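Each in structure tokens, the structures are laid out below.
Below, chain A partners chain B and then partners chain C, in two separate complexes.
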Partner chain A sequence: MKSTSSIVCRMATKNLQRRPVRTLCMMFFVFMLSTSLFCSSVLVDSMQGTLQKTTDRLGADIIVVPEEYEREMADSLFLGELCSFTFDREWVDVVSNLDGIQECTTQMYMASLAADCCSAATQMIIFDPETDFIVTPWLEQDGLALPQKGELYIGALINPPEPDSIKFFGENYHIIGQLERTNTSYDTCVFMTVETAQEIMDSEGWAAAFGEPTSAAADLVSSMMIRVEDGADAKAIAREINYSIEGAPISAYTTNGIFSGVISSVESMTGYSSVLMVLMLVLVITALLSVFTITINERTSEFGVLASLGVSSPKLAGIVLTEGTIIGFLGGFFGICISVVALILFSTPIQVKLSIPQLNTEISYLLVLSAKCIFLSVAVSLLSSLYSTWKVSRTKLDGLIKGEEL
Partner chain B sequence: MMKQKVVSIVSGILALLLAVGPWTLFQACPTTEKVMKCHWCCRAVIPVAIILLVITVLQLLIKDTKLFRKLSLVGIVGFIMPILLTTLLIGGCMKPEMACNVVAFPVINTLSAVGIVLQVIGFLTKEK
Partner chain C sequence: MILQTKDLTKTYQRQGQQFDAVSHVTFSMEKGEMVVLTGPSGCGKSTFFHLISGITVPDSGEIIFDGEKITSLTPQQKTTLRASKISYILQGDSLLPNFTVLENICLPHQLSNVTNPEELSSKAMELIQEFGLEKLTNDYPTNLSGGERRRVAIARAFVHNPLMVVADEPTSDLDEENTKIILDYFQKQSSLGKSILISTHDLSCLRPGVTHYIMRKGSMKFENHIESLAKN
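Up next is the complex of A and B:
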């Protein structure tokens, strides 16, 4: 003999199958809720995750850049956009002598062209191996040697036409390795030392594109990364750099300060997403509640027949609740499936249009998020069916048989 | 029968768009002396689209539901191919903001996804 719960389950499934249009409409509401929750969560979490990774990878407390270039610097660090700005190295010595600075290193940025002279338009990062605390630990961790003259490392997302060489300004340079993927803007950069940078600047292709270089690569700096001593106030040191060094064409920002634009974008995105979710939740609950109430009222005679055949009130309530659970689960499940496919297929245009560097598509993260979305979908659907359940279980047999409004 | 006709006609239009669209309506990156990867990807989509077009014409002509369902199964696999070509097998340009990544490939993927859904509907058609 079949158990009561399996009979209730089968009855609920058959009820849903008998009215496919109504079932699909109700599933659609839950589907919309699950899709919007899943997609907005992935977008917001990806934005926050990349910001955190970029800040962690940077490992500096203060960034010094030429005046009015902080926006370009932030876009380059966060979105991997090409940038090429410099200031004179003489200011590095002035800044590094200030109190409270534990260590500092410099980087220079050069952008190649998206033309036949170059394999691709790529950001070149020139670091100083003697003082560097950003790229070198990364190389050491992977057991990679420092690049020599004419050698370079490429980021994980760079695919040169030939595996061991890349062309910049008409000259080929030797690739000694490809770095591991970091899901930050560093994945689309090329790393080299100042000797290689000087070689590029001395090439004929560079002269044809930008003219003869006016300064040596070793005399130019694009950014200065500073680590402050333990207990020192990074904000105070940044203020000191900005206001105490007279005539300096540089501005200092704390890591959070330079990303303030990105942080405010993340915050507003989180805010919009929360408002959208609350609105969706209210709309879906109202819609499901209405549909459940209307259909249960239409089905009073059906429940009356079941009750007169001996089906108890809790079992009648169980049928309605099971219908709600099935609708919630299937709607939520399909919503997640469609969202995952859409996010994978359209990740590139989403990233470009919403200025999100990387979408988080890690399996473990997606599984946890899917479980949360399905749980919410089922909870919303169950919540919406509670009123109808209560009405069905409370109404007397004669009222049900007469088809009275519940 | 009506459902089968709609499935085959719309799928045929999608297949035609997959073949012609990347060169006319939703163009990939312009071809200069240096030919980009996306150019070859869009070329690879053409034979797949032609096969899909033949399948949809056959679907329109035949009256046997069993055969229609079998062709739908091939159609599903066929419509998966452009997605694989643009994402895994060939791909496009490195820079995400290039025309292939922002316009051509998303449209190809959308058309293919709609095609898959239509062919699944065709496959689920009940025999009478």
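Up next is the complex of A and C:
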């Protein structure tokens, strides 16, 4: 024996199938809501996620960079843009001896060229294994040894033309491993020690590209990463550093400070997205409510027939609610499908236009987000049908039979 | 006795004035009896039908159906009564437009949870044959003629084997042939023990074996029991 709920479902489905234009219009409203929610969530979460991962991976409280290069540093860390600024190592000793600093390490950044001399334009990060607390723990975690002279590690998104070597300025360097994906700009970088950097800088290709040979790699620093002592105020220490080295060609920034531009972009995007969602919700609920109310009035006598045949008011209401659920579910589902396809097809222009380094495409994240979108779509559709449901269930049966307006 | 009403009254307000749609009606009918109720439009026939099928609540009076006092039943019990014992054929086109002929006959009753869907389906096929609707089983009401639609509505009313069928103007706007098919079926069911109560303006419904009542301004009066056409 078929259960009543399956018959209610069948009646609702038939009603929707036999009114295809109305059904498609209603589904379209939910589709728009679902698409907006899904896409805006992916974009905002991707930005927030990358920012969070970058700051977590960095593990530094303060970053010291050449004066007026904080924007380049932030873009390099967040968006993976190439940078190659430096300052003199003598400032490292000055800063590292200040109070409140627990540990500090230096990094140097070099960029290869998008020319025949190099496999690709790539960001090179030169770290100091003796003091490093950013790359070394990562290597240890993956069970990888420190790179020696002429060796390097490549990020997860780098695809070298040959599996074990990569060319920079006309010379091949040995790839000893590829790091696991972090979904940060580090995925597009190569990592090496100062010995390898020096080898690159001493190469003929480097000289041909940049003219006069550069000074010793060991004397140059692009950034200084600082961890403050437990309980110390990073902002106050950064201020103290800047005060202590007044007139120096470098500046200290807290990690949040250096990412302030990105943080403000994320906040703006979150704000726009929230406003858009509220407007969409109001629009979709109003539209669905109107369509449900109009069509329920057209169907009064249909409900009257069912009532005269012994179908109870809760079951009549159940038919309307089931229609709302089906519309919400299908609209939401198609919205998610189209959003996923659009985000895959147009990921590059979206990333470039909105300055988002990575779109979050983790399956678990997308599944949870899809579930949320479908839940919201069904909830909105159900909410919109509640008024009609209430009207149907409280109207007197003779009113339904006579086809009175609900 | 299958149905009995005692001093049944229902008052409505129209343009600020009260009027008795059904006024102190005392009426009874036996099991297997076919009663034809005639009267001008607006005389209260439909309201009377709504009252006895539990759709409308009377202002005063009593309705006893199959030994059960309808006026004391809860709305849910009245719903169950309509789903199982009293079938109400509404005036005009009462088919569900989005359902095929077969679905129209079966689905509402399946939804009422009172009847067994499998039994219902086999009974529906019997009725479809009885009314000559075999070729229309999977057609939608929009593809049917007025007579075919009315036959489907009547098949639906009988599909779950009710004790009584109440039909509000079942032959209005129908040609002679369809009217005959429907009245013949009603009389056949009446002879098999079903109680049939119909309202009509169509005097061809006044056939031998039928009890005739007249309703005017909410009051009902026994006219006669028709023994033969000549007598009528």
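By definition in this document, the second predicted complex is superposed on the first by the 402 of 406 C-alpha atoms of A that agree within 3 Å, B and C clash if a C-alpha of one lies under 4 Å from a C-alpha of the other, contacts with A are read in each partner's own complex, and residues count from 1 in each chain.
Criterion: a residue touches a chain if its C-beta (ideal position, glycine included) is under 8 Å from a C-beta of that chain, and two chains touch if they have at least 3 such contacts.
Because the structure is a prediction, the values reported are computed rather than measured.
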Contacts of A:121 with chain B and chain C, given as first, second, both or neither: first
Which of chain B and chain C A:346 touches, first, second, both or neither: first
Chain B versus chain C as contact partner of A:18, first or second or both or neither: second
Partner chain in contact with A:158 - chain B first, chain C second, else both or neither: first
Most chain A residues touched (candidates chain B, chain C): C
Partner chain(s) touched by A:188 [first = chain B, second = chain C, both, neither]: first
Partner chain(s) touched by A:373 [first = chain B, second = chain C, both, neither]: neither
Shared contact residues on chain A - chain B and chain C: none
Residues of chain A defined as touching chain B within the complex: 114, 116, 120-121, 157-159, 188, 341, 344-346, 348-349, 351-353
In the complex with chain C, residue positions of chain A that touch it: 1-2, 4, 7-8, 10-11, 14-15, 17-19, 301-302, 304-313, 315, 396-398, 401
In the complex, chain B residues that touch chain A: 32-34, 83, 87, 94-97, 101-102, 105-106, 109-110, 113
Residues on chain C engaged by chain A in the complex (per definition of touch): 50, 53, 55-56, 75-76, 79-84, 87-88, 90, 94-99, 103, 107-114, 116-118, 140, 156
